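Chain IDs A, B, C and D follow the sequence of writing; residue 1 opens each chain.
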Amino acid sequence: MKLNCDLGESYGNWSIGNDEAVMPFIDQANIACGFHAGDPMVMTKTIQLAKQHNVEVGAHPSYPDLNGFGRRSMQCSRDELISLVRYQVAAIDGVAKSLDVELSYVKPHGALYNDMMKSDSVRESLMDAVSGYHRPLKLMLQATPLYEIHKEEAEKAGVSLLFEAFADRCYTDEGLLVKRGEKGAVHSSQLMLEQAQLLATEKQVITQTGKRISVAADSLCVHGDNQESIDSVKQIKHILANI
Amino acid sequence: MKLNCDLGESYGNWSIGNDEAVMPFIDQANIACGFHAGDPMVMTKTIQLAKQHNVEVGAHPSYPDLNGFGRRSMQCSRDELISLVRYQVAAIDGVAKSLDVELSYVKPHGALYNDMMKSDSVRESLMDAVSGYHRPLKLMLQATPLYEIHKEEAEKAGVSLLFEAFADRCYTDEGLLVKRGEKGAVHSSQLMLEQAQLLATEKQVITQTGKRISVAADSLCVHGDNQESIDSVKQIKHILANI
Amino acid sequence: MKLNCDLGESYGNWSIGNDEAVMPFIDQANIACGFHAGDPMVMTKTIQLAKQHNVEVGAHPSYPDLNGFGRRSMQCSRDELISLVRYQVAAIDGVAKSLDVELSYVKPHGALYNDMMKSDSVRESLMDAVSGYHRPLKLMLQATPLYEIHKEEAEKAGVSLLFEAFADRCYTDEGLLVKRGEKGAVHSSQLMLEQAQLLATEKQVITQTGKRISVAADSLCVHGDNQESIDSVKQIKHILANI
Amino acid sequence: MKLNCDLGESYGNWSIGNDEAVMPFIDQANIACGFHAGDPMVMTKTIQLAKQHNVEVGAHPSYPDLNGFGRRSMQCSRDELISLVRYQVAAIDGVAKSLDVELSYVKPHGALYNDMMKSDSVRESLMDAVSGYHRPLKLMLQATPLYEIHKEEAEKAGVSLLFEAFADRCYTDEGLLVKRGEKGAVHSSQLMLEQAQLLATEKQVITQTGKRISVAADSLCVHGDNQESIDSVKQIKHILANI
């Protein structure tokens, strides 16, 4: 079970995140591509940091919305989606390769990620954007009860998938995330560690009603926004290393 | 002698240039990369158009200045220059490759081009940006009396150069362009055609004082902004084809 | 019955529309405020042009989406909507006043306009944005069968409304526009002129089934994108002047 | 002697500065207008914060360079300078007025400030931008030995000036700042407080060679970037309050 984290989300004079603190403990860095965050300098430095810690590099493309940090859905045609994802993926791919780093996957950011999970046509466009890229890259999705369907779609599109789960979020019996704001949506530190362990060892979670269900994830999404989340990453890393 | 032209400079809802009219008559398309003009959709369509007409594709990177169309110099550090050029080159390289088109050169745009010709440190940064890219690309410069020095710099940096000349501009005895605004700076249609022919056959121009000097250019820069300039491109193409 | 038109939508090096050709024939210029189009120079020149032709000036604020020309809906909180509309309105208000021109109304652009017509909460936010502006400005909406409700909402919010209708679009029996793409959605030139006349004289239109219904509009929305639309504006102006 | 500080320089999801910590101790807030930093929401909140602490509000307009934080000079024509400054000033003026706050001055930001101090034509354009604004606003400049000349220029242009000095920077005998990087360019905390006191009581500073010279400043520029600078602001405020 790998750990993935959104990084390289600073921009110009503005810093965000604690990339240097969290990079040593993760396996996959989802690096911003300039549309919601990141700029050529930030991207370059983040790839160098990932390289230094042997962390896999993924593209983290977004809708073009710097002021909204890519968190607002923007209706795009299929052609627009394909071209804006390819542009961002290509940018980081070539920058990374020039630093002797091989980009290996694509994880859409924010609203684009949410739209991918909710909309068949957005997901199809993103799969085609990645599968039609000039060399094979994986596409990262959330592991949901639809993951078999998503796998079939991906096979048809000719793209390989990575599935991710969340250690800090409570799951419903249906295998979806309990919505933020609902009671018990976000786990305590202790529950989070238990969920990480269960996901890593059994590919299961215990839902809000106490059932065990399968969540077939390849990677856990972690955060490095503040000291607390960085401490959690370290603890999860420690647990995974000792399984 | 090839013909190169700046293309793909539309943006979103705004169209500029006559890409479809001029593409059939040129050999090299300098395609905007999104920083002064162009966006992922425009870039994609322009590459497709170039492919259709067997036109070589070059990156046309710029300072990040959409409102100023990349025509304002912006002081950047060496690292900033390298990363912003690499980002743009990588973006178009990967988009092109996904369309089965091979990017072959880089021609800086507007103020970045002017700064490259005027400033040793900017030129060095651009050469390093291109030479350190993960695969070989050529860098296009203006053919000036300093071209031997530029070649040496390029050899040292490990990058190959392309030199371009201008058919419609009068040259000084020193091999520089007579400044716009000065008398006779821009040639009449007839003089332009004669200069194109002389450049193509003898790699020479007749200067404002009537001397013949060498201008060792690989490519002629032409424009497609309006009907008159497109007509000129056709005439130049006709002349070059009949040499 | 006044004529209003979207103007000042050029940006930097990109020109769009035929502002100089259409300005002499309209009464109200909806001027872009820099978020979907327009920049400080374009805005300044467009206000000067409006002044020269004694045309009323309105703010034409948008979601922040230059690449999408403000045509993509972007989810904003009430506070975000209020602040982004106020910022744009304030910018053009102060620029206009410095040119001795008094801004008199606000017409939201593109997706923001559509969202205003469809969503009660967006409309309420926009009404509050305008009513809480430091001096009274009118808000322009589409005249629909809900116009009495909209008037009540506006009275409650403390803002005055302007209603606009469309001469070139066929109306349903319910007083809405027949959707683009449906048969007969866009009128021929002759029908457009007849509809303009009926709107101006009777505040009525003949619907797609041949019924007469009321459309209580203060202003007709016209376009200046191409020669055909400019010719239409002139013809409509001629008709209105001779009523 | 007032204290002024650059504030409202966050943007979207990115926070910078400690506006809430520093606002209680300053007299004048230079608030970003969206071109180098700030956005409508940030601007609105910063004005509200200033209002709460009875702090005077100034516009802090910039070249249009978000990625470079307005720190790169960009060549603009006189008309461009006037329109981009007016747009930004107007935006904050109208937003402030709608919050019952009266904008009172303009302090250009970053490279625009530096260009104003160095270039007669930029300074003239900025004076005209402010003097031609539809209501009187003051323009803030650095107090230098040229301040009498600047006052004459301003009188001619019809604009009132505010002069600012720096407590933390060592002055040359010529009344300019010792350049950053040079020895002794930035004062220790103790020297800074002494310089603040001398500026406030005598309008003088002790130069790097130990001479006393006049620096006729109305306001001291302070910073709120980190805890150390905030502590300094508090100490300076304390000194000024006890003079």
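Brief remarks follow.
Heads up, the rule we're going with is that a contact is a pair of C-beta atoms (placed from the backbone, for glycine too) under 8 Å apart; a residue touches a chain by one contact, two chains touch by 3 or more.
Owing to the predicted nature of the structure, the values given are computational and were not obtained by experimental measurement.
With steps allowed only between chains in touch, the distance from subunit A over to subunit C comes to 1.
Chain pairs A-B and B-C differ in how many C-beta pairs they share in contact, with the greater number at A-B. With centres set at the average Cα position, the gap from subunit B to subunit C is 42 Å.
In subunit C, the residues touching two or more other chains are 67-68.
By the touch criterion given at the top, residues 34, 40-41, 43-44, 79-80, 83-84, 86-95, 97-98, 132-134 of subunit A touch subunit B in their complex. The residues of subunit D lying in touch with subunit B in their complex are 64-65, 67-68, 72-76.
Residue ranges of subunit B in contact with subunit C, taken from their complex: 10-16, 37, 39, 66-69, 71.
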